[in-house]
Structure formats: C-alpha cells, structure tokens
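Next come the structures, one after another.
Two complexes follow with chain A in common, the first pairing it with chain B and the second with chain C.
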Partner chain A sequence: MPTIYIDGQAHEVSEGDNLLQAALGLGLDLPYFCWHPAMGSIGACRQCAVLQYQDEDDTRGRIVMGCMTPVTEGARFSLAADRAQAFREDIIESLMLNHPHDCPVCAEGGECHLQDMTVMVGHRDREYQGRKNTHRNQHLGPLIHHEMNRCITCYRCTRYYRDYAGGTDLAAMASHDHVYFGRHEEGVLESEFAGNLVEVCPTGVFTDKSLVHDYTRKWDLQSAPSVCTACSVGCNIMPGERYGKLKRIHNRFNHDVNGYFLCDRGRFGGHFVNSEDRIPAVGKRDGDGRFSAVDADSAVSSIAALLRQGKTIGIGSPRSSVEANYLLRELVGAENYCTGMSAQEGALVQHALQQLEQSQALVPSIRAMESADAVLVLGEDVTNTAPRIALALRQSVRNKAYAMAADLRLEAWQDAAIRNLAQDQRSPLSVLSVAATRLDDVASHTAQLCPDDIARVGFAIAAELEGALPAVDLGAELAELAKTIADTLRSADIPLVVSGTGCGHSGILDASAAIARALTGPDRPAQLSFCLAECNSLGAALVADGAGMGLEEVLELAAQDGIDNLLILENDLFRRTSCSKADSLFQAAGNVVLLDTLTTPTCDNADWVLPTSSFAETEGTLISQEGRAQRHFPVFNSVAPIRENWRWLLDIGHCAEVATCKSMVHFDDVTTSCANTIKTLFGICAAAPAASSVPAADKVPRQTHRFSGRTAMRANISVHEPRQPTDEESPLSFTMEGHSAEHNGALLPYVWSPGWNSNQSLHKYQSAVGGALQGGTAGTRLIEPGDIDAAQESSGSTAPALNAGEYRLVPLYRIFGSEEMSVRAPAVAQLCRPAGLEMPASVAAELGVSNGDGVTLTATTGNVDLEVTINDSLAANCVGYSHGVSGTGGLVPGSATKLCRAENWQRAPELIGTDRGATTA
Partner chain B sequence: MSALINALSTRELAEIDDEISHAPYRSAVAIDALKIVQAHRGWVSDESIKALATYLEMSAAELDSIATFYNLIYRRPVGDKVILFCDSVSCWIRGCAKLEQHIGDRLGIKRGETTADNRYTLLPVPCLGACDKAPVMMVGDDLHENLTADSIDAILADDSTSRGEHD
Partner chain C sequence: MYESFISQLRTIWQVLLHSFTKAETVQYPEEQPYLAPRYRGRIVLTRDPDGDERCVACNLCAVACPPDCIALQQGVREDGRWYPEFFRINFSRCIMCGMCEEACPTNAIQLTPDFEMCEYDRQSMVYEKEHLLIDGPGKYHDYNFYRVSGLKIDGKDKGEALNEAEPVDVKSLLP
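So, the complex of A and B:
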C-alpha cells in the first residue's frame, strides 16, 4: 500500500490504482468525464488534471492527468493548487463552448454529471460570445433519444458501445470541432446493451426515450431497490415512479451481478407495469361469460370456500416470487402443487439444479464469469436468453489482453494502451449453438450443430479432458473441434462452461456438467453456469422441493378425474402448452381462479380473476440462475383492489383456515415460514434485511430529500395532503426523511451525494472505487460447490431420430419477444416481430419456399402456420421457431416435425427499403 | 441486397483488390478504397460507404467514421474541380482573405459551396506545403503559387478554355 501526499496530507492508497481512483476513493472531489470505473482511463477529456511534484522541494509542480497517473510510493500531488484548479476550469469552459443552455428542458437535468462537474470546478460565467455548433439528431429507435448538440466529446459512448459492448453501428464521425457520435444513417441501435448509453453518457446526448416523453426529474422520483424479472440473471435495478406510473429503470450496482450495466430488455421491458392491459378489478365470470367486478373481500371468502370444498390444484409460476409460490403450495398442499412449467422444462430445471448442487464446480457470479480465461458456451444463445451474461463473456475474452499487459507491467486501467497492445488477440471463447449467435464475433471457435450433436461434442470434450475415448464416433471434423476446445479449457486457469435449458435438451446439461467435472482439480476451480428460462425458474423448482407436478401431469389428472378447482398464480398456460390442451384443461376444471397482473388468454378462461401487483409494487424473493436469492421491494403501492400476490394468497389462506397461514401476517413471516419449511431455501431470509430489523424511525426513504410537490401532485383531487402511506412489510418508507447511505446494500433505493447528483455518485457508496457497496453485496448465494461429484448417467442422445421428410425443431430466442412481460412494454413491443420459422436455404429449397412465404408445421399438438425466414447459419436439418412469441406455445423443442408449404398464406406487404429478410451468418 | 451488387464498378473493385493484396486484412485498405471510389465518382455516397463496408468486412459506421474524419474524402457531391484554397498562417499573412473574397465574387460562391454550373467547389485547406510561395491554392490537381487577383482570373480563364477544348 503506497503512501502518497495530496496537498501535503499523507494517504495510504491501493497499489496499482491511478490517482483519480485513489482520490475518489479517499472521498476527495476530483472532476472527470472520460474515465469510467468499468472502462478504465484514456486521458482524453483532460478534466482530472492535478499538479504532481518531483519531490518535497519542488514547489512548482507540473500538470498531469489524474486518471493516467499511477500512484507510487511517496508521490506528491496537489488537487487544490491554483494552477490545477484554473486548468480544470478552463477545460470545462472549453467543453461548454458548444453546449446549449437547455438544462431546464433536458432529460439529464438534475442528474447530469456535466452539471455536477461544472459546479464543482466553479465555472459560472460563460464568456464565449460566438455561435454554437448545432447538429442534426438521429432517430435511434424507440428506446433511446439522441440530442447531439449537448455532446462534450468525451468518447465514453463509443468506448462503451464498441469497445465494451461490441456494437458496430455507433461511431465517432468527423473531426475537431465537428465530431458527431451517431450511426452511419438513422435507425435502431443494434446492440442489445445500447440502453446503458443513457447512464454512460455524462450529459444528455443519449437519454431514455420513454422518460423523455413522460418526464420526471430524478429528485421527484420515488425509487426502491428492485430486481429485474426479464430473465434468470436477476440484475439489480432501481425503478423510479411518479404519479403511480413507472417512469424509468436505472441500473442498481451489484458488485457480483450486474455491476454497472443492464440489458435493454431489462431496462426498457419493465414498462409493462403501466400497461393498459393491467387487470383493474376483481372479476367473477357471470353466466353470460362476462366478468363483473366484485368486492375483493367477498371474492376472497368465496374462493376460500371453494378451496375447502374440493380438490384444488395449484399452478405456480417461474415468474412469481418464492413467497407467492410457497403460499400457493401451502394452500393446495405440496402434492397438488405444480411449478407451472411444462414437464419438459420442469424436468430440465430440476436436472440443472441437481447438477449445480452436486457439482464441485463453482456456480459463478457474473463478475466471476468476467474473470474466466477460457469459456465454452454449450448450446445456449446467451445474448437472447440471459443477455447480461453475454456482456460478461465479451469481457472475459479480454483476459488475454490483461495478461499481456501484466507482462509489460501495465495497469489494467490503461485502456487504450492495452487495446493497442492486444489488437485482436483474445482469450478462447468457444460457442456451440444451433445457429449463429451474437457472440460469434469474439469467439475463437464456433460451430452450428443440432442439439444432439452439441451434447455429443460436449461429451467428447469431457472425454478428451479425462484422457478417455469419446463414447460415440463424431467424425474427424467434430472430433478435432472437441480436441481443440478441450485444449483451450485445459490450459486455462479459470475455465468456465456456460449452458442452459435453452435447447430443451438434458444431454447438453449433462455434457456441460461432465466437462466441468473433468476440469475441476485440487488447485483449479472450474466454473459451471446454467441459463434458465425465467426470473424465478430456480425458485419455483426449489419450492417444489423435489416434488411438484409438471403441467402435463395436471393435464392428465384433469383428463382422468377432472379437477374441482384450479388456482393459477401469475401464469399464462397458453405459453406453456398448446391451445387445445389448455382449453381441455379449463373445460375439465370446475372453477378456475387466476391471479395475474396483465390480461392474458388464460384470463379469458378463468372464473375468478384477482389482480396482482407488478414486480414494482410488491416485495418478493427471486432465485437467479446463479442460485442467488435476491429481494425486490415495492417502488410504489398499487391501487386497490390490486393486491400483492402473496397478500391475496395469504388472505385466502386465512379465510380458508389453512394451518400454516395462521401464524403469518406480514411478508417476512411468509419468507421465514418458507425458509423453515424447505431446507434448500433456508438462506432466503438473508437475501435482504427484514422489516423488523430497522426501527420505524430509521427506515430507508424511497423519496429524495428534494422530493417536491407532494401536495400539488394530487391537487386535482384534494388540496389536503394525506398522510404518506406506511410500509409495514419492508425496511423502507414512503417518505423523504432519513438517510439511505448507511444501510445494507440490498436496501439502496437510489444514489446521491452532495455535489454528485448523477449516478456517478455511486463511488461514494462503494468500499473502494468500482468495488462492493459499503453495505455489502445484495443477495445471498444458496448453491455452493458440492463435495461429491458423481458422474451422472446420461443417454447421450435424447431426441427421437428423424424420419425422411422430418426436421428437427429447435427453439430460437429473441431478446425482444421471447420474454412474456417485457413485450407488453410499448417501446419494446415496437421492436418485436411476429413468430416465424427460420430454416437453412437447403430446407427452404426442399419445401419450395423463400423469405416471407408461409409453412405449415405439423406438431403433435396441432398444425401451426409460420412465416419463413432463411437463416443459413442453422445446423443441417434444423428449423428454428421463435420461442416464447405468441403462437408457438405448443411447439416442443427438439421434436421432429414435418413441414409443408402453407396453403392460403398471405405474404406480408413488402415495403421498399426495409431490412426484412435473411439473417445470414 | 440487390441495390449493393452494382454499387461498386468492376474497375473500382479491381483497384481495391490490388490494395487488399498488399494488406494484412481487408479493412486495412479503408482509406485507399475510399480514395479509389472518390477518384472514380468524385465523391463518396452513402451507398458507396455501405457497399465498401460490406466488401471490406467492416461496419458502415466504422468506415463512415474514417471517411468523415478526412476533409479530402468528400461525403457530398462536389463540382468537376475542387478549389482547395489555403487559409493557413503564411497565406493569411500574405492576404489570402481578400483573394478568397475575389474568387468567391468571380464564381458566385462562398467556401463550402459549388457553382451553379457544377464546375467548381471552393474549400478552405489548412496548408498545401508551399508556404514559401504563399498565397497558394489548388484547382483540381494543379498547384498555383504566389496568387494575385489577376493570376486567379487568368487561372480560372485558362481552366475554362482548356475545359472547352476537351468538351
């Protein structure tokens, strides 16, 4: 730990830091723009200038850039020297030459790093009298608003977009006074991570379009710590609310999970909360088939009466919290609880869970994945199923560059130097998938294979690592590929295998586990990670506790004996099974009670509908694919009669006098009861502090201390301000009083610090700049490496063989479209396309179809017509359907299917100049 | 895609291929390829950028960031000849501002503009490397030194005569 002197004061700082990091870490204010804790230093903006002195006798010093100056033992600096201050003020003045004075109408205002830095350096008066440059803005799609005039050319946007996230369609155009950050031509930004530009840009060039169109200043937003529900990764988010509407979602730093960045599905998909499709009232279906609104309490007692009378099957949901699933299980009895997943998916998740629990390999956090120096992605299109992991894998390939830099004793933050040094040298990343993926551009080895072959190559890699012969003959080419990939993994210090349930193939999970097992040695922790389908897939499986029916079992039960009551928790069965099967289930069930947030086709078949709060209005614990239990808290209260899912179920439980429900009153009681009942969920109480852990007077405020207009915002109703609602369920309060900084990391509702209004204030909450939160990392891991790692029996091939004229049906995923709730957000919906069937040109030729034609797909559950898109990267004999997109609910991944040209297919009208058409490798 | 097939001529492609044969990877010849396209077409259109980017295996944004970086890659149509008029320090000392005004008056255009007959585009340039003979300008490929109002008139008159001969 070197000692440095800043303005005469001695400080101990971390070895290898630069001065800017060190100064910020010491709590000193040093302004900066181009530096970013996740992206390192390039010394471009010149804003963090300080004086460095040669030695004790040097009184003059020289200007150096803080972010480019390593801290060395005995180094002497001055931040406060007049020359340094004047230099920094001059820099701001020059950056402000062309910056418009439009703060009052700018969406960044009030959380603008440029504003903060301008105030920090004391530059108050603009002396520049000339004309300001103006630019034409570009339409960058429905998510991001572009306002180029505000640019101060710090280059953070392109450094993030191109260097960090791998995007290719945003670049710095022109030079000197005309620099322009934009696309070659107007159009939707292609990167799945473009939304982070909103937070990366230090001013208002890139802003959240839906926030711009329905605006609230940061200080007027009510926020709470929350967890993204758009995939199984469980990124931490900070949704902001005003007037009962979700206004925006910002990243909530979690050192081990999402770090500084989210994917666009997570950032923009949460707006379904404001959807007009929200179920507004408690509905009971009349004799004429129409819903009539009924009183909530009488609905609860009627439903409780139903539960007491007959046999009730509870269908849970992998998108509902652990607590809600647990309560449902308690209401209907463990033997009548269904996880809400199809039998195939349920079995896969159970299988994945088993593998993870038994494996000696570490289930890595996202941050741990970034440190892997050789990665194998087996059968999972990570970018579209668990996007944040794809961003992490993109960083993992840079470990080669960091190793080269370490040899030259270059610090990891020397971003430009290291990129220049490494050029296109990367750590190995192998991607075996059914079709080309968006990670292929940084992959060292790629192959597109059918799921069975992916599993076979996986097993061959495991065999190669163990020095055994592969069980099946793969042919020379694939055997060579397996050997090459095995070599990359063998020579790595931290090898990582990423797979998942995406292909619907258990052999792929087995193969991944086998590789991880072969890689694990006494001095080497191999990493094994499985991407799962939904935000609480793992939680639902854990609640089932080894039992739990799949949907098909419920269908069978219904067909055999009929079901008196069906209690469905936040689940649209039409996404899980075919229309005909779902219809027959609803016909066989006496009473169908549905709890859900938005209207769905299942809603149309329910006899009772109870409106539930969205993730932004309720607390709940979700278990991510890492096995991390994380709690989300309500950002705002939902309007009666909408209630939290757990509250509806608890109310029904009380009314039906279910024994376990008796002792439960509060949310924390449910969590505790669940933790005590289900052994594997014992840890969930530690996911976040309980409501009782914080004295009422010391609760964490959801509102900022500048929160304004509390009376005015409802003056149209009454000028008398009502009492703020109290929150008895969490350690947070709906007020502005109190302080948020000193609490547990899981309770951080927003970041702010005096003089630091933007999200850059985060470093004030971190233990070290870029490090974990002072209050601890949110969430608690439930799965740690097992002791015994027994080889699993595996069949190798699980898919039925293809007969002549049949094709292998594989699921293809879309970041915008495959996830149920995010597609109901209006901006995201604009980026969704109807379901389709992708096929190689060879298959299209056999069928005599081309792009835009229709094919009829013969599935066991009935015929489906889908639009053809030619995708030559698909593995031979494979056809890929858009998984999760409306109309594909009954299709079974991995099944063999017959195809023929669709009769009476109406081609969509073709627009000249659209990019509809082939996605080629 | 069909719009892109003919966006580059066989001749342009041949010249670009020749450059590629000397380069370690295709996108390394980006600047030469832009110059080749400009030599054939006078300027580089959006369509050319897209076609070139595909051909050089880079993104259009990346190629456009290079094309727009260089003042002498024209991303908008220019006249038959570009007048590069030096306004750097030596030429400025020697009174280029007045001469620029003179050219402007003669041609009826200001810097950055093209004459109505599409003959000339007037662009400022920060140095032509002939400071000892300031003020200087280039008309097309020809450098003209020690400019005066009269010599400018003569140069423009000559140019239009020689052009007339070729027409």
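So, the complex of A and C:
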C-alpha cells in the first residue's frame, strides 16, 4: 500500500489505483467525467486535473490528470491548489459554452453528473458571448431518447457501447467542435445493452424515453431494492414509483451479479406493471360465463371452502417467488403441487440443479464469469436467454489483453493503452449453437449444429480433456473442433462452461457437466453455469423438493379421474402447452382458481380470479441461475383489492385452516417456515434482513429526503392527509423518515450523497471505488461445489430420429418477445415481432418458400402456421421457432416436425403477449 | 420606586396622545388596504408572451416548497413542449413564502397580492391547474423559456433559439 500526499496530508492508498480512484476512495471530491469504474480511464475530458509535485521542494508542480496518474510511493499531489482549481473551472466553462439552457426540461436534471460537477467546481456565469453550437437529434427507437445538444464529448457513450458492450451502430462522428454521437442514420439502437447509456452518459443526451414522456425527478421517486424478474440471472434493480405508477428502472449495484449494467429487457420490460391489462378486481364467473366483481374476503372464504372438499391440484409458477410457491405447496400438499413447468422443462431444470449440486465445479457469479480466461458456450443463445451473462462473457475475452498488460506492468485501468496493445487478441471463447449468436463476433471458435451434435461435440471435448476417445464418431471436422476447444480450455487458469435449458436438451447439460468435471483439478476450479428459463425456475424446482409434477402429469391426472379444483399461481398455461391440451385441462377441472397480475388466456378459463401484485408491489425471494437467493421488496403498495400473491394464499390457508399456515402472519414467517421445511432452501432467510431486524424508527426510507408534494399529492381525493402507510413486512418504510445510512447491501433503495445527486454517488456506498457495497453484497448463495461428481452416463441423443421430410424443431430466443411479462411493457412491445419460423435457405428451397411466406408446421399438438424467415446460419435440417412468442405455445423443442407451404397464408395480426388463438386446436 | 412611578405617568401620557392620532384601522372589506405588487398572496400560473402555458413541469417549485403543498405531473405535448398534466396546490398548507416563485426557472409560478382565500370547506382550498392558470404573463412580461431553451418545439427548430447557431452538418469536415 503506497503512501501518497494530497495537499500535505499522508494517505495510504491501494496499489495500482489511479489518483482519481484513490481520491474518491478517500472521500475527497475530485470532479471527473470520462473515467468510469467499469471502463477505466482515457483522460479525455481533462476534468480531473490536479497538481503533481516532483518532490518535497517542488512548489510549482505540474498539472496532471488524476485518472491517468498512477499512485506511487511518496507521490505528492494537490487537489486544492489554486492552479488546479482554476484549470478545472476552465474545463467546465468550456464544456458549458455550447450547453443548452435545458435543465428544467431535461430528464437528467436533478441526477445530472454535469450539474453536480459544475456546482462542485463553482462555475456560475457564462461569460462567453458567442453563439451556441446545436445539433439535430436522432430517433433511436422506442427505448432511448436522444438530445445531442447536451453532449460534453466525454466519449463515455461510445466507449461503453462499442468497447464494452460490443455494439457497432453508435459512433463519434465529424470533427473538432462538431463531434456528434449517434448512429450513421436514424434507427433503433441494435445493442441489447443500449439502455445502460442512460446511466453511463453523464448528461441528458441519452435518457429513458418512457420516463421522458411521463417524467418524475429522482428526488420524487419512491424506490426500493428489487430484483429483475425478466430472466434467470436475477440482476439487482431499483425501480422508482410516483403516483402509483412505475416510472423507471435503474441499475442497483451488486458487485457479484450485475455490477453497473443491466440488459434492455430488464431495464425497460418492467413497465408491464402499469399495463391496462392489470386485473383490477376479484372476479367470479357467473352462470352466463361473465365475470362479476366480488368482495375479496368472501372470495377467500369461498375458495377455502372449495379447497376443503375434493382434490385440489396446485400449479405453481417459475415466475413467482419461493414463498408463494411454497405456500401453494402447503395449501394443496406436496404430492399435489406442480411446478408449473412443462414436464420437459421441469425435468431439465431438475437435471441442471442436480448437476450443479453434485459438480465439483464452481457455479460462478456474473463477476466471476468476467474473469474466466477460456469460455465454452454450449448450445445456449445467452444474449437472448440470459442477456447479462453475454455482456460478462464479452468482458471475459479481454483477459488476454489484461494479461499482456500485466506483463508490461500496465495498470488495468489504462483502457486505451491496453486496447491498443491487444488489438484483436482475445481470450478464447467458443460458441456452439443452433444458429449464429450475437457473441460470435468475439468468439474464437463457432459452429452451428443441431442440439444432438452440440451434445456430441460436448462429450467429445470432455473425452479429449480426459484423454479418452470420443464415444461416437463425429467426423473429422467436428473432432478437430472438439480437440481445438479442449485445448483452449485445458490451458486456461479459470475455464468456464456456460450452457442451459435453452435447447431443451438434457444431453447438452450432461456434456457441459462432463467437461467441467474433466477440467476440475486440485489446483484449478472449473466453472459451470446453466442459464434457465425464468427468474425463479430454480426456486420452483427447489420448492418441489425432488417431487413436483410437470404440467403433462396434471393433464393426465385430469384426463383419468378429473380434478375437483385447480389452483393456479401466476401461470399462463397457454404458454406452456398447446391450446387444445390446456382447454381439455380446464374442462376436466371442476373449479379453476387463478391468481395473476395481468389478464392472460388462462384468465378466460378461470372460475375465480384473484388479482395479485406485480414484482414492484410485493416482497419475494427469487433464486437465480447462480443459485443465489435474492429478495425483492415492494416499491409501492398495490391498490385494494389487489393483494400480494403470498398474502392471498396465506389468507386462503388461514380460512381453510391449513395446519402450517396457522403460525404464519407475516411474510418473514412464510420465509422462515419454508427454510425450515425444505432443506435445500435453508439459506433463504439470509437473502435479506427480516422486518424485525430493524426497529420501527430506524427503517430504511423508500423516499428521498427531498421527496416533494406530500401534502398535495392526494389532496384532490381528500385534503385531510392520512398517515403514511406502514410496512409491517420489510425493514423499509414508505416515508422519507428513517435511517438511511449504513444500509445492508440488500436494502439500498437509491443512491445519493451530498453534492453527488447522480448515480455516480455510488462510490460513496462502496468499500473501495468499484468494489463491493459497504453493507455487503446482496443475496446469498445456496449452491456450493459438491464433492460427489461421479461420472454420468452420456445420454447422447434424446431427440427422436428424423424421418424423411422431417426437420428438427429448435427454439430460437428473442430478448424482446420470448419473456412473458416484459413484452407487455408498451415500449418493449414495439420491438417485438410476431412469431416466425427460421430456416436455412436449403430447407426453404425444399419447401419452395421464401422470406415472408407461410409454412404449416405439423406438431404433435396440432398444426401451426408461421411466417418464414431465411436464416442461413441455422444448422442443417433445423428449423427454429420463436420461443415464447405468441402462437408457439405447444411447440416442443427438439421434436421432429413436418413442414409444408401454407397456401392462403396471411400474416397474423400482431398479437403480443397472448398465445390464444394462434395455435390451432 | 420613583422611577416606576415616572414610567407609569409616561405611559398614561402616551396613551392619551394616541387618542389624537389618525386611526390605522380600515373598514375592511369595504375599504381595501394597499398591497405592493410583490406582496405574496394567492399563487397563479402565468402564460408566456405568446399566450401559451409557461410551466414546463420541471418540479423545482414543488421541491422548493417547505410544506410540500405543490404536486404535479409532467407530460409532453404533441408540439414537443413539456407541460403539467395536472398541477395542484393545497392552499390550506401553503405558507405564502414565495419559494416556489423563487425556484421557478420559467417565471410561470407567481404570487399575487390577493390573500382573500377563506373557505368554509377546507377541501375548497385545493386548487387545480384550471384554478391557477391565468391568461396573462403576470409580473414578467417578456420572458419565454422556450425561446431560450435548446429544446425543439413546433415553430422553433434546432438552432433557432436565442444565441444559437445553425445545427452543425456532421458530414462536413470544414473547420
């Protein structure tokens, strides 16, 4: 730890830091723009200028950039020297020469880093009398608003977009004071991570478009720590609410998971919370088939009465919390609990879970993935199934560059230097997939194969690593590929295998586990990670505790002896199975009770509908694909009669006098009971502090200390202000009073620090700049490396063989479209395309179709018409359907299918978010 | 003892003198007091010189307000202007401090010399935008925020605001 002197004071700082980092870490305020803790320094903005002195006798010193100056033993700096201060003020003044008079109508205002820095250096009056440069804005799609006039040319946007996220369609254009940051022409930004520009850009150039059109300043947002529910990664988010509406989602720093960045599905997909499709009332279907609104309590007692008589099957949901699934299981009994996944998916998740539990390989966090120096992606299109992981893998390929830099003793933050040094040299990343993926541009080896072949190559890699012969003959080309990939993994210090349930192929999971097993040595921890389908896929599987039916079993049960009651928790069965099957299930069931947030086709088949809160209005524990249990807290209270899913179920449980429910009153009771009942979930209580851990007066305020309008917000309803709602269920409060310092990392509702109104204030909450939160990293890991790791039998091919004229049906994923809830956010819906079938040109030629034509797909569950898109990157004989998109509900991944040209094909009207009607019964 | 007696006498004398001064009391409400133009009374929302709503829904008045009695929601109009979808002042809480006027970057919110706002029903003290918005520019006759701001609105393109140069041509490499 070198000692440096800042303004005469000696400070111990971390080796290898730059002065800016060190100063911020010491709590000193040094203004900056272009440096970013995740992206390093380039010294572009000149804002972090300080004086550096030669030695003790040097009184003049010279101006250096803090972010480009390494801290070395005995180095002497001055932040406060007049010359340094004057220089910094001059820089701000020049940045402000062309800055528009926009703050009141700028969506960055109040959390603008430029505002903060301007105030920090004390610049006040614009003395320059010349005219201001102006720019025309571009339309960048429905997610991001562009206001180019406000740019200070710090280059953070292009560094993030191109260098960090691998985008190609945003660039710096023109020269000198005409520099322009935008696309070569107007159009939707292509990167799946473009939304981070909103937080990366220190000014109001890039802002959240839906926020711009329904704006609330940061200080007026009520926020709570939450977890993204749009995929299995479980990124930490901070949703903000005002007037009962979700206004925006910002990144919530979690050192081990999402770090500083989210994907666009997570950032913009949460707006389904405000959807007009929210179920507004408790509904009971009358004799005439129409719903009438009924009183919530009488509905609870009627449903409880139903449960007491006859057999009830509970269908859980991989998008509901552990607690809700657990309560459902308790209500209906473990033997009657279904995870809500299809049998195929349920088995896959169970299989993945087993592999992870048994494997000696480490299940890496996202951050750990970034440090892997050789990666193999087996069969998973991570960019579209678990997007944040793709961003992490993109960073992993830079480890080669960091290693080269370390050889030259260049610090890791020397961003431009390291990029220049490494040029195109990257750590190996191999991607085996059914079609080209968005990671291929940084991959060292890619191949597009059918799922069976992917598994075979996987096993061949494992065999190669173990020095054995591959079990099956792959042909020379694939054998060579397997050998090369095995070599890259063998010579790595931290090899990582990423796979998942995306292909619907258990052999791929086995192959990945086999590779990880072959890689794990006494001194080398291999990493193994599986992407799963939904935010709590793992949680639902764990609640089932080894049992748990798949949907098909429920269907069989219904077909055999009928079901008296069906209690469905937040699940749209039409997405999980074909229309005809779902219909027959509903026909066989006596009473169908549905708890859900948005209307779905399943709603139309229910006899009782109970409206549940969205993720933003309820607490819950979710288990991510890493096996990390994380708690999300309600940002605001939902309006009666909407209740939290767990509260409905608990109310029903109390009413039906279910034994285990008796002792439960609060949410934490449910969590504790669940942890005590299910061994593997023992750790979930540690995901976040319990409500009782904080005295009522010290609760963490969800509102900022400058929350405005408290005596006017609801004065139109009544001028007499009610008391603030209390929160019995969490350590947070719905007020601005409370104790906001020294939070537990899982309880951080927003970041703010005096003088630092923007999200850059985060460093004040970190133990070291860019490091973990002082209050600890949120969440708790449930799965640690096992020790059994017995070799598993290769399950080889699991798919039926192809007969003549048949094609392999593979699922293709879309970041916007494949996830159920995010597609109902209006902005995201604009980016969704109707379901389609992609096929290589060779298949299209066989069928005599071309782009835009229709094909009829003969599936076991009925015929489906889909629009053809030619995708030449697809593996031979494979046709890919848009998984999760309306109209593809009953299609089975991996099945063999017959295709024929659909005559009289007409493009279906663009139905979003509902599966009904498109699948023919 | 002696001093107190003098003080008493002096007081009685002064009271007596007051009997001959002119009464300050006015026959309110028949007789109205003079209130300076900058007197801080009932709050209004004004219009810019072109007759359009001045308020851009920036929320600065709301955050400056000590009793937190201003609430509003921003919206964006077809023509590109930010405006308040609703704007509410709870006058039963307002302390007429004028901080909102002080904070307003557009001169939209202004206090007027009208303090006669008594109501029997407290609910009637809640004013919405239609109660607050007046037809004129109030105390500030000339200021129009949108003529200064860089935001493009209908009728004012980029580069047409005060002190702005033509939008740059990104394709040109000329200095």
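Here are a few things to note about the model shown:
Going forward, the second predicted complex is superposed on the first by the 905 of 921 C-alpha atoms of A that agree within 3 Å, B and C clash if a C-alpha of one lies under 4 Å from a C-alpha of the other, contacts with A are read in each partner's own complex, and residues count from 1 in each chain.
The definition used in the following text is that contacts are C-beta pairs under 8 Å (C-beta built on N, C-alpha and C of every residue); 3 or more make two chains touch, one makes a residue touch a chain.
Quick caveat: nothing in here was measured; it's all calculated off a predicted structure.
In the superposed model, A:R217 lies in contact with chain C only, and not with chain B. Using the contact criterion defined above for the overlaid structures, shared-chain residue A:V188 touches neither chain B nor chain C, since it reaches no partner. Applying the stated contact rule after C-alpha superposition, one finds that A:V892 touches neither chain B nor chain C.
In the superposition on chain A, A:A768 makes contact with neither chain B nor chain C. Touch criterion met: A:S175 reaches chain B and chain C at once.
Contacts of chain A with chain B, set against its contacts with chain C after fitting on chain A, overlap at residues 173-175, 180. Residue ranges of chain A in contact with chain B, taken from their complex: 168-175, 180, 183-185, 917. Those residues of chain B lying in contact with chain A across their complex are 1, 46, 49-50, 53, 58-65, 68-71.
Across the interface of their complex, chain C is touched by residues 100-105, 109-110, 131-137, 147, 149-150, 173-176, 178, 180, 212-217, 219-220, 242-243, 706-713, 715-716, 718-720 of chain A.
On the chain C side of its complex with chain A, the touching residues are 56-60, 62-63, 65, 67-76, 82, 88-90, 92-93, 105-106, 122-123, 125-126, 128, 145, 148-152, 158-159, 161, 163-173, 175.
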